[in-house]
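The following pair of complexes shares a single chain, chain A, combined with chain B in the former and chain C in the latter.
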Partner chain A sequence: MQSLISRPWLWAWLAAIAVFALSIALSGASQAGGLLYAALSFGAFAAIVGIGQMLVITLGPGNIDLSIPAVMTLAGTLALKAMDGAPGTALLGLGVALLVGLGCGAANFALIRLLRLPPIIATLAASLLYQSLAIWSNRGLRIKPPAALADFATGRTLGVPNVALIGVLLALVVWWLLERGLWGRWLLATGQNPRAARLAGVPVERVRASAYLSVALLAGLTGFLLASFSGGAALNMGQQYLLLSIAVVVIGGTSIAGGFSNVPGVWGAALFMFLVVSMLNAYGFDAGARMMLTGMIIIGIVIAANARRRRA
Partner chain B sequence: MNTSQPVEAVVALRGVHKQFGAVRAIDGIDLTLAPGECVGLVGHNGAGKSTLVNLINGTLKPSRGEIDSHVTRGGRGSAIRSVFQELSLCPNLSAAENLRIAHPTLKGLGWRRRAGAEIRASLDQVFPGHGIDTDARVDTLSIAQRQMIEIAIGFAPRGGQARLVILDEPTSSLDAGIAEQLLAYVERFCAEGGTVVFISHMLGEIFRVASRIVVMQDGRVVAERASQDFDRDSLVDAMGHVAQHAPSADRRRDAEGASTAGAGASGETVIEDAAGLSARRGEIVGLAGLAGHGQAEALARLYFAGTSGWRAPRQPRMAFVAGDRGRDGVLPLWSILRNLSLSVLPAGARRGAVDRHAEATLGHDWQQRIGIRSDDLGNPITSLSGGNQQKVLFARALASSAPIVVMDDPMRGVDVGTKQEVYALIRAEADAGRTFLWYSTETEEVCQCDRVFVFRDGKISAELSGAEISEERILAASFEMQEN
Partner chain C sequence: MTRHSISPRKLLPLISFSVLLIATFALQERAMSYLGLNLLFNLTIPIALATIGQLLIIMVNDIDLSVGAFVSLVACVVSTLLVQHPWLGWLALAGLVLAYAALGALIHRFELPAIVVTLGMSFIWGGLALVIMPAPGGTSPEWLRALMTVKPPLAPMAVVAALLIAAAAHLLIMRSGIGTVLRGLGGNSRSVARAGWRLSGLYALTYGLAGVFGVLAGLTLVGLYTSSGASVASSYTLLSIAGVILGGGEFIGGRVSPIGAVLGALTLSLAGSLLAFMHISPDWQIGAQGAVLILVLAARLLFTRREALL
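And now, the complex of A and B:
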């Protein structure tokens, strides 16, 4: 039983380790530390939005949040604007980013619940709105984050990137909620069969609302961290996280059919995704070949993981 | 009967064993099924009946032993057909399209029309006057209608001929009238040389149709005799439970006598809805009538209106026991324990955390109380037989502190002995002040209630209480409006 549960996340981690070893084989052991540091830094952003996406996907078929990139961009943009590079405003910026996240999450859920739109349509349509708001408020200016905040976002504690520490901490919190918490039980029950869950007394509407708020909140936080990390908000900063947030959930072993989450797998998959791209870079593939190979590797991993699970 | 004649067997099992991991589901069975006989197969939940069915129809291969057959067995062209208690139709397809799935040679232009004609012919034959729209999506039909379609597909020619039809709890969601049509058809089918294996917990039906009765216990055949050599008591004895003489009526009368002055009759009204359904504290209210006449919908409406999708109070107002396990009850990815404890969790939670120690204790208690057959509650719920899954759902609702328990035909697939235990449990809980709303397709169960609402065409056609509750009165009220 224990090994059956651990199998899905093991795959993502094995794949990440294998790709890491291949990269080191090419570049030499001296690069290992640098590569690992970069993987932890960039992987953290994918892991945080991935954990959010995982919560929504766990709600069951049809549940997904496609507004993650737009929420990231809007939160990053508005937070930097509010701080305006002034020292000592980091908490203000964080507050703005989280509020933007909450607002977008509430708007997403309102569209889904009140207008009864399928989540895929509701969040896609809403993301156009959020992106427009970001464009409108940004107007091409690039505000730098406060120096102390930028130092924190790019800095390290005990040799580990600060953003990775935040990502691990969030992963632990969500893992606890799912494994030990009442809310986790409710989420997993809702994902397996919402009608049966409701008939068993699970407050399914509250669970759905909280999942959509959580993913937007995490996207807002990631936008804030990424903008601070990369020296300013850019309108395309969230772009790659649409595919990435879904890919890390699927590779990480969470069930697309809902009702089964896997937190450690998301982190493993996030590291794997970064390492694959950097390895293909190191081997000198051009952008087209890189994307094709990335896509094929994702498909391969998902097939392998699923075949394993079916046999179990 | 046919058993004594030297005819070639449709299927013969010799020394068959089947193991799933460490579990011995079938432990050495010899069984011969001859043309023209109807074999009644009985046994408790988890005795191995469903596994035996899957061995006979070729879905499973035996771990040891041989299975011989002179008809096509296994695969889609099989002359051996199985109809399961777990409904297996595709809900997004029509009856005709579902027939096509089991009939691979139906091809080319106009297949849908020919499939429709075939399923209608089969339905007309088994259930004359069924009134089912064979072009309607299956999920728009009632559970009884779905079961009827499944049975009709089992008996349909499908490019060949059904030689052996295995009916696993076919009548559990059918009302008495429809069930009687099926029994009559089974008799005709056997008289024409077909073979039927009939699995049921309703012993009356077994005696009615079976020429031979096979009793299973723990994966073995413990008794096998012509049906006239059994009576109800000896059959229940053979199944391994102490025979209990229908205590229902007496117990109700007693309870009534004792409680007329107490909570039962004079308790305050706790439920009253626009449709006219009402219940008092400590009362067991039955919902009766022909299957699919709005009872399940009325209960679901009541439950959804009385509870919220936003709040989960420590003491829920209502608990629900599902009859349609797959749709309304079981969470298939979870263990037995997690399925059982779901409704109780809010009451035991501390600062958002599940109290896992209390959860384990609760699971252990209820496993003892209601007899869930599993050595480890950490096993997946799907490892249990249908009747045992039903017990888990019962425990889920009864373990909660909800003052009102809503039960939507909850005894489907539960064996006789457990039923009696659950009846006693319900009566004890009601005497302690709990209110039960109980829809059942079995008149025997409805007759245990303090008050009965009979449904007809989605509306209440009669309200019976106390001594008025009888099979005749219920049947009369079920059909009343139809005669006009």
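And now, the complex of A and C:
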């Protein structure tokens, strides 16, 4: 029991369940299924980029990827252009999106490593370039995804949204890698003390490179899924995911100081963030009040998490 | 060592700004006039002020992800409340500065990660702005519009304002006694505490000053645009961080340069207009800012390497 309470991911899930219960209390039990379905669908996008952001934040102070929205938009745009709405091109589009992700991740890390830039500045500067590239290649035209792909992205299997299945599968893989895999151990060791990790024989730079590649790869995949889900790539499609990706990591219980990851918490926080907004919506709050309450919740959780850490 | 030699590294913001300015003049000589210079740099004034606000926060080893939302909120207050009920408007602006100061004290009292707290604050500022102003609009107070469109002799308003901002920030941060103490917070906060200063008070002062510059940015923005909206300044967060770093600032250790930061903000806006003069599609305007940032930082690396060798 004691070990269960001390799990940092528990709080995000409890909060998500509480908010879910409050929403149901207002709208009636008949809405429960629909709300859960929507939360799983929209939460999946936040969870996938959140897991990527978590890997980078785990590397320690100063490590963060600000290029996630730009990579999502660029990957979604180029993938849809490559497919051009033709049937049977879904795998081609996925390949393009993943390649864009890999390319952006490699560029980000090259700036960090070769120019010795702080990751905030490197990913910020690079994201401006990706954004321009997306604007240039998008040119205001709106290509629809192939019908089969759109059906898959908005569809369900055994009652669960397909995008949520992908998100859960990715979470399980990353969780297994972190908890059981050698790479995960290296990542955590690097985040806790890069010097000690290097002396212990951990290939620190390769671990950092793999984290920055992973986050960009996941952002590319999310851009592809989101563009297929919403029927096209819009230039502002990634906008809200910059703040959201950082928020779900922190609310999920991952230490912002690095060295400790928390995969289940990211999913709990992603569901929580969607449910809070939809609950405030149901209670009749307008957009401004919803944003203010979201901000207060983020700050409140940071203060609470910090107080717990200081007591411990 | 009392030799006052200026290293090339410190001159880099001035060099990169000059290179872009000369390129602009070469491409479009009409820019080399009173009117041309004003058009070129007019909209940079609020960005430069927001950059100084960000510089203060980076100076104490934090980062402020809420600058854009805060300046937008100030602009909304200025273009509505300050026009209709001046007293109430000023009171609200003073309250916003106090809120910033309280935030600084809170972050350091509880040792919170500034990046996450300011992220949360950006939601709060943005929400407040939406409540005040659900749709873009509003007007500028007459005196503010008059102030921003004043035509000083010799140099246009934009240039005079940039010089004033750089000089005031330099005096406050680099020359004044309290500025030196605040820079010490970023260098070694423990030794500042040992010297008898109350740290939370100093952090509150730093954040409060950043809030003052944020308010000034919002005021000048409304004076120039004569209207506002809840996300009018949302690009300022990233631009201000880029400006500070372009101007020679570092994320750790209280190493910042106010004059460099103002030059950095001017350089970034020049990068955008240079493209227009080269007849390159405006699609690449944001990308040009990123490219300039990368090029200048690459050049800085070369200078630092050479300094290390000497």
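Methods note: the second predicted complex is superposed on the first by the 303 of 312 C-alpha atoms of A that agree within 3 Å, B and C clash if a C-alpha of one lies under 4 Å from a C-alpha of the other, contacts with A are read in each partner's own complex, and residues count from 1 in each chain.
The rule is simple: contacts are C-beta pairs under 8 Å (C-beta built on N, C-alpha and C of every residue); 3 or more make two chains touch, one makes a residue touch a chain.
Computed from a predicted structure; not experimentally measured.
In the superposition on chain A, A:G259 contacts chain B only, with no contact to chain C. In the superposition on chain A, contact of A:A29 is made with neither chain B nor chain C. In the superposition on chain A, contact of A:M292 is made with chain C only, not with chain B.
Contacts of A:R206 after superposition on the shared chain: chain B is touched, whereas chain C is not.
When the shared chain is aligned, chain B comes close enough to touch A:L182, but chain C does not. Of the two partner chains placed around the shared chain by superposition, chain C is the only one that A:P118 touches, whereas chain B remains out of contact.
Once the two complexes are overlaid on the shared chain, A:Q192 sits against chain B while remaining clear of chain C. Counted by residues of chain A touched, the larger count belongs to C, out of chain B and chain C. On chain A, the surface touched by chain B in one complex and the surface touched by chain C in the other have no residue in common. On the side of chain A, the complex with chain B involves touching residues 1, 177, 180-183, 185-186, 188-189, 192-193, 195-206, 255, 259-260. Chain C meets chain A in the complex at residues 63, 65, 110-113, 115-117, 119-132, 134, 230, 238, 241-242, 245, 251, 281, 283-291, 293-294, 297-298, 301. Considering their complex, residues 303-304, 307-312, 316, 319-320, 322, 327-334, 338, 342-343, 345-346, 349, 352-354, 356, 378, 396, 400, 402 of chain B touch chain A. Chain A contributes residues 62, 64, 66, 111, 115-118, 120-121, 124-129, 131-133, 135-136, 139, 243, 246-247, 250, 256-257, 286-299, 302-303, 306-307, 310 to its touches with chain C in the complex.
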